[in-house]
Amino acid sequence: MRILDKFGFAAIAVFLLLAVWQLAVLVGDYEASLLPAPADVGGAIAELLQSGALWTHLRVSLLRFAAGYVAAALAGVGLGLLFSRVPWLWRIADPLVQVIRPVSPIAWSPFIVLWFGIGNAPAIVIIFLAGFFPVLLSTVAGVRGVDPIYLKVAGNFGIAGHALLTRIILPAAFPSITAGMRIAIGTAWIFLVSGEMVGSQSGLGYLIVDSRNTIRLDLVMAGIVFIGLCGLALDRAVLLFERRVRRRWGASG
Amino acid sequence: MRILDKFGFAAIAVFLLLAVWQLAVLVGDYEASLLPAPADVGGAIAELLQSGALWTHLRVSLLRFAAGYVAAALAGVGLGLLFSRVPWLWRIADPLVQVIRPVSPIAWSPFIVLWFGIGNAPAIVIIFLAGFFPVLLSTVAGVRGVDPIYLKVAGNFGIAGHALLTRIILPAAFPSITAGMRIAIGTAWIFLVSGEMVGSQSGLGYLIVDSRNTIRLDLVMAGIVFIGLCGLALDRAVLLFERRVRRRWGASG
Amino acid sequence: AGAGIGSDDSGEAKRTIKLGYLPITHAAPLYIEEEMSKEGFDSFDLELVKFGSWPDLMDALNTGNIDGASVLIELAMRAKEQGIDLKAVALGHKDGNVVVVDPSVNSPSDLKGKPFAIPHKYSTHNILLYQMLKEAGMAYEDVQVIELPPPEMPAALAERRIAGYVVAEPFGAKAVAIGKGKVLLQSHELWPDSVDCALVLRGELIDGEREIAQELVDQYLAAGARAEHKSEESKSILKNYMDVDDEVLDLSLQWIKYDELKLEREAYDMLREYLIEMGLSPNPPSFEAFVDNSLIEQADEG
Amino acid sequence: MDATGRKSTVAHKTLLEGSGLWKTYSGNEGAEPVLSNVSLQVERGEFVSLVGPSGCGKSTLLHVLGGFARPDRGEVRLGGAPLAGPASRAVMLFQEYGLLPWRSALGNVELGLEPLGMSVSDRRERARYYLQLVQLDDKRALLPHQLSGGMKQRVALARALAVRPELLLMDEPFAALDTFTRYHLQDQLLELQRKEALTVVLVTHDIDEAVYLSDRVLLMEGGPGRIHTELAIALAKPRDRGQRDFQAYRKRILEAFRLTGNGPEEEFTI
Amino acid sequence: MDATGRKSTVAHKTLLEGSGLWKTYSGNEGAEPVLSNVSLQVERGEFVSLVGPSGCGKSTLLHVLGGFARPDRGEVRLGGAPLAGPASRAVMLFQEYGLLPWRSALGNVELGLEPLGMSVSDRRERARYYLQLVQLDDKRALLPHQLSGGMKQRVALARALAVRPELLLMDEPFAALDTFTRYHLQDQLLELQRKEALTVVLVTHDIDEAVYLSDRVLLMEGGPGRIHTELAIALAKPRDRGQRDFQAYRKRILEAFRLTGNGPEEEFTI
């Protein structure tokens, strides 16, 4: 019942999207190859599914994404905890972060190629860079936002060091950290396409870039659909993880 | 005294960065044109400053950024408030947002060119897209995170509609909204480079892409430095705005 | 741009023609033509629009945001195949592509199993690679072909991430100039008078504004002729459009020709066959459908 | 007739009426109802106290009566009409105060006045009047986090009184106050109630307070939560806490509790 | 000699000593000190109460004594050594409870036991023992937001007692409790204090409570905050709240307040 409810809304959303899209195609009267209609894209998707090309691209992208994102999440949370507990370190790191963060991977790519070569490594590095900063910043913000009374209580009971981190600070900052991780999922996915432009010969980003190069916009759109769906699925996965951790904390104790 | 303190840390940060960079240049023994040394980039910066080219690029980029970002912030906060107050609307919009958000502007760009042409418009649209989602999501999260007791109190005193929004919900969700706006600043700046790839003939993004195409990596680095510094400055501006609004709320009432 | 409305009272304002390009040596005639247009053309103003990559340029061309471009001909053929009304009216240049390899590579067979970069599947460079391997008795699959943005190629070669590449200039010259690569072959050794970049115009312009199209091509040929001198004057114009060292520019100019810019049927058909043979396109547009030599022939007569 | 055994009086005299209220919190183990068939009526101008052990459901009942929580079954009527949600006619004073942290003490008191369309100066004047009443005029510019526990409670009280509601629902409003402030505010409240025909439902754990202020005391017990005894206090106001009758009422309440098994063994002689 | 006029006793008998404490909150208008030269000494095993009007600085003083806030001037010594910060030897019970919202009642009580290196079962057993003491064993699985106000206070109390500290600093720990629960816990506290030689500093606004529990009552006044009177309660424990001497002490405290101008006009006869 509740699942039906949920998918019902998603169905409305999909329907609306398709309707607007089809309308744009009809009203705009564009050259079909410049704005493929939903049906064409459906055909392209079927083609990708049948040829098995999709699974290859998807698997490669997911692996790269996992490597870059997990590294970004670990480094972001780890350094975030460090920085927010050692104020002088953060005062040095903060301007660096704010200067480096807004620079596009496209701008970095000459240097990324120089250091990391071509193929998997630059894609992973770019996804890492994209995911790292949101996680870092929201971890720092989360730790600083911990209600001081929890720290007082912890200090009072002699909870310090590692226990302070895992029992007080992490759970208290957890909502903020997972919010950052959800933002990072989106941002990191966005850069999948940039990352797979640097000499990759597979992956969803490559599929899009390659299809764009060959002016197969129906395939570009199909790639967009898959990236979007994967992004949604990953976002929901983080949400589920968050809920589970919270429930476990709630129930254990 | 405090300003000196602040700039002191920033100075350490800059110094460290330069040191690491110089070290990489020395140790890596790369071809100078592939990894320019800080001094070379200094030269490039001086060149850009003297020729006045920098100011032109900077002005154009800032104007585009302002147009895209302000629109994103307004639309993000506005729709965020709407969505978080009308649950069924959000249940339709949420999957759409999560599907559209992770798609790279590079993937969109064939369609953006189709609808918005080349030059200023696509750059502004891409910056808008990049800034819109973080603001939207953090506004929704912020409004949902408002402590229910504030809503109870407001309901009790007959504060509804517009007053509820401006007097209770906005201030209560304000920290979350401005956090989203700060994230959006970074993300939107990142996409400046993508945005200015689509037929722009000026701007910092154009400078970087063009210099990259002509393998003038010292100019690329100079562009990176300016994008970074502007990103930092904008981030700090939002922070200041946030503090001022908070202080005003604190003092008025 | 867009100066057509509310213009001065001296009569109707001239139409502005926008042509797209990438900052490469291959587009030199366009640079010189724009320079010439500053003296004033009869029927139009010329505005060049620089792009960061071929896909960006093609997006603008396909959607009619620019009227034409100097572009990899295979990309334009591909667009034509997809139903976009484009026609090639002249070549961009002749020859001018080189196979650059790591100094340790002495013959195509040394490339076996190694990564080798091309800018794009739909490019003359890919065909050149194919020809080179074929002549050396190797299969295309014997090297690991990688599509890479051209600006990244010299760095990738310098760091030995790739064993070689073939691409538009000045990216080949760059690696040679910094001593990280050497020229293995020049394109004319593989494929004399190879077809690479072309001046492509949108059909509306050719059919609807014949007079403008004609003057555009006339001036283009004149510009090509001036470029072919490779004089200090034309070099200084080039350097306004592409910011490169003298050494790199001189080197890349040595390899290229800008005269005889007519796209001949034999050359085009050969290109078509390669596209089919390599499996890149089942049915590329025919010479009649895609090449419009009427303008260039008119110019030669005039 | 309702569970407390009172006969319904003429409708227009009854301001607040809860009938057959049930409430269960999901997630509560065993899911024993927190309110189990609770009914009560409050007349216009009456002062009713709810007294009962910690956790018996007093706050929950008050939330339901104020329209802040929906009962699972049963109905609440205010002035004869079914209650759809919170309304400014019935103002609630929450146990957790509910002060807006971004507004000063004065700003918090003004909050409830803003929808009334008063002029800024009138509003400020009225807010300051009630801040004076709770002896906090000199703290008006401070933010909630700069106030002591008792001060927060008083600001919340001033905010509730400032809108001059018909019905005041109060959840332990004097719990964090020292004796003198508490006595002072209790007297102010009685004074206000008399002057403005205010109706009050007060949750308190202080029997003394209940007897001093109330016309009627409802004794609740927990597990499941219900009203088990009702006691009308037939003393003229103002009352004297030392008087014999006063002490007698107090004793009756204590005994009522003991009977329900909540009392400890030892003897109480307050 | 200190401000309260007591002579220093032998060092090792004194557990807690604050001397010449000053504290001002910046941002507070006029910046009148909240603590102005406050000194006090608490002996091992003693039960001392701080009583005073709302906002006079009781919570602030307790925070300073626990090492949670630094005095602007003056020094706090615990067991003879200067206090650097909070320590588990001296556990504080905060006015806002400070329960961790992501832990169940039981988890909250276990919190303080975790650094002690007990086995899981010992820890659970000890935690449940103290939850039983505050009559909340059946609510042990609930999260703080599922507890009533009084229950939260009791969980916090159980958590503080569970670590068996030398010194207990309590900020109105019984304020939200009904009479019976309060009496029960007061007696439990006295029992524990006797058995484990616990030293307690209690902030309360309930004079009755202060007299019932304390060996010594310190009366504070605000603006600027200071201790103006000290009163030793020379009654044997357990005390009888109805006894004449008990009432006499209560009266003396009330009078002491009246003298400092905090009292309302009318007559008190509790």
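The first chain written gets the first letter, and so on, giving A, B, C, D and E; residue counts start at 1 in each chain.
Keep this in mind: a contact is a pair of C-beta atoms (placed from the backbone, for glycine too) under 8 Å apart; a residue touches a chain by one contact, two chains touch by 3 or more.
Given the structure is predicted, the values throughout are model-derived calculations rather than measurements.
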item	value
Each chain counted as touching chain A and chain C at once	B
Set of chains adjacent to chain B and to chain D	none
Two chains joined by the most C-beta pairs in contact, as defined above	A-B
CA centroid of chain B to CA centroid of chain C, Å	36
Centre-to-centre distance between chain E and chain D (centres being mean Cα positions), rounded to whole Å	28
For chain A paired with chain D, centre-to-centre distance based on mean C-alpha positions, whole Å	50
Centre-to-centre distance between chain E and chain A (centres being mean Cα positions), rounded to whole Å	50
Per-residue multi-chain contacts in chain C, two or more chains	55, 59, 62-63, 151, 155, 158
Residues within chain D bordering two or more other chains	96, 141
Sequence positions of chain A contacting 2 or more other chains	34, 109-110, 114, 197, 209, 212
All chain pairs that touch each other	A-B, A-C, A-E, B-C, B-D, D-E
Complex contact set, residues of chain E against chain A	66, 68, 85-88, 90-92, 94, 96, 98, 100, 102-108, 110-112, 114-115, 141, 143, 163
Interface residues, chain A side, partner chain B - complex	6, 9-10, 12-14, 16-17, 30, 34-35, 88, 91-96, 98-111, 114, 133-134, 137-138, 141, 179, 182-183, 185-187, 189-194, 197, 205, 208-209, 212, 217, 220, 223-224, 227-232, 235-236
Complex interface listing, chain A residues touching chain E	149-150, 152-153, 155-159, 163, 167-168, 171-172, 174, 246, 249-253
Partner chain C, residues of chain B touching it in the complex	30-31, 33-34, 109-110, 113-114, 117-118, 197-199, 201, 206, 209-216, 219
Partner chain A, residues of chain C touching it in the complex	54-55, 58-59, 62-63, 75, 78-79, 82-84, 115, 117, 120-122, 145-149, 151-152, 155-156, 158-159, 161-162
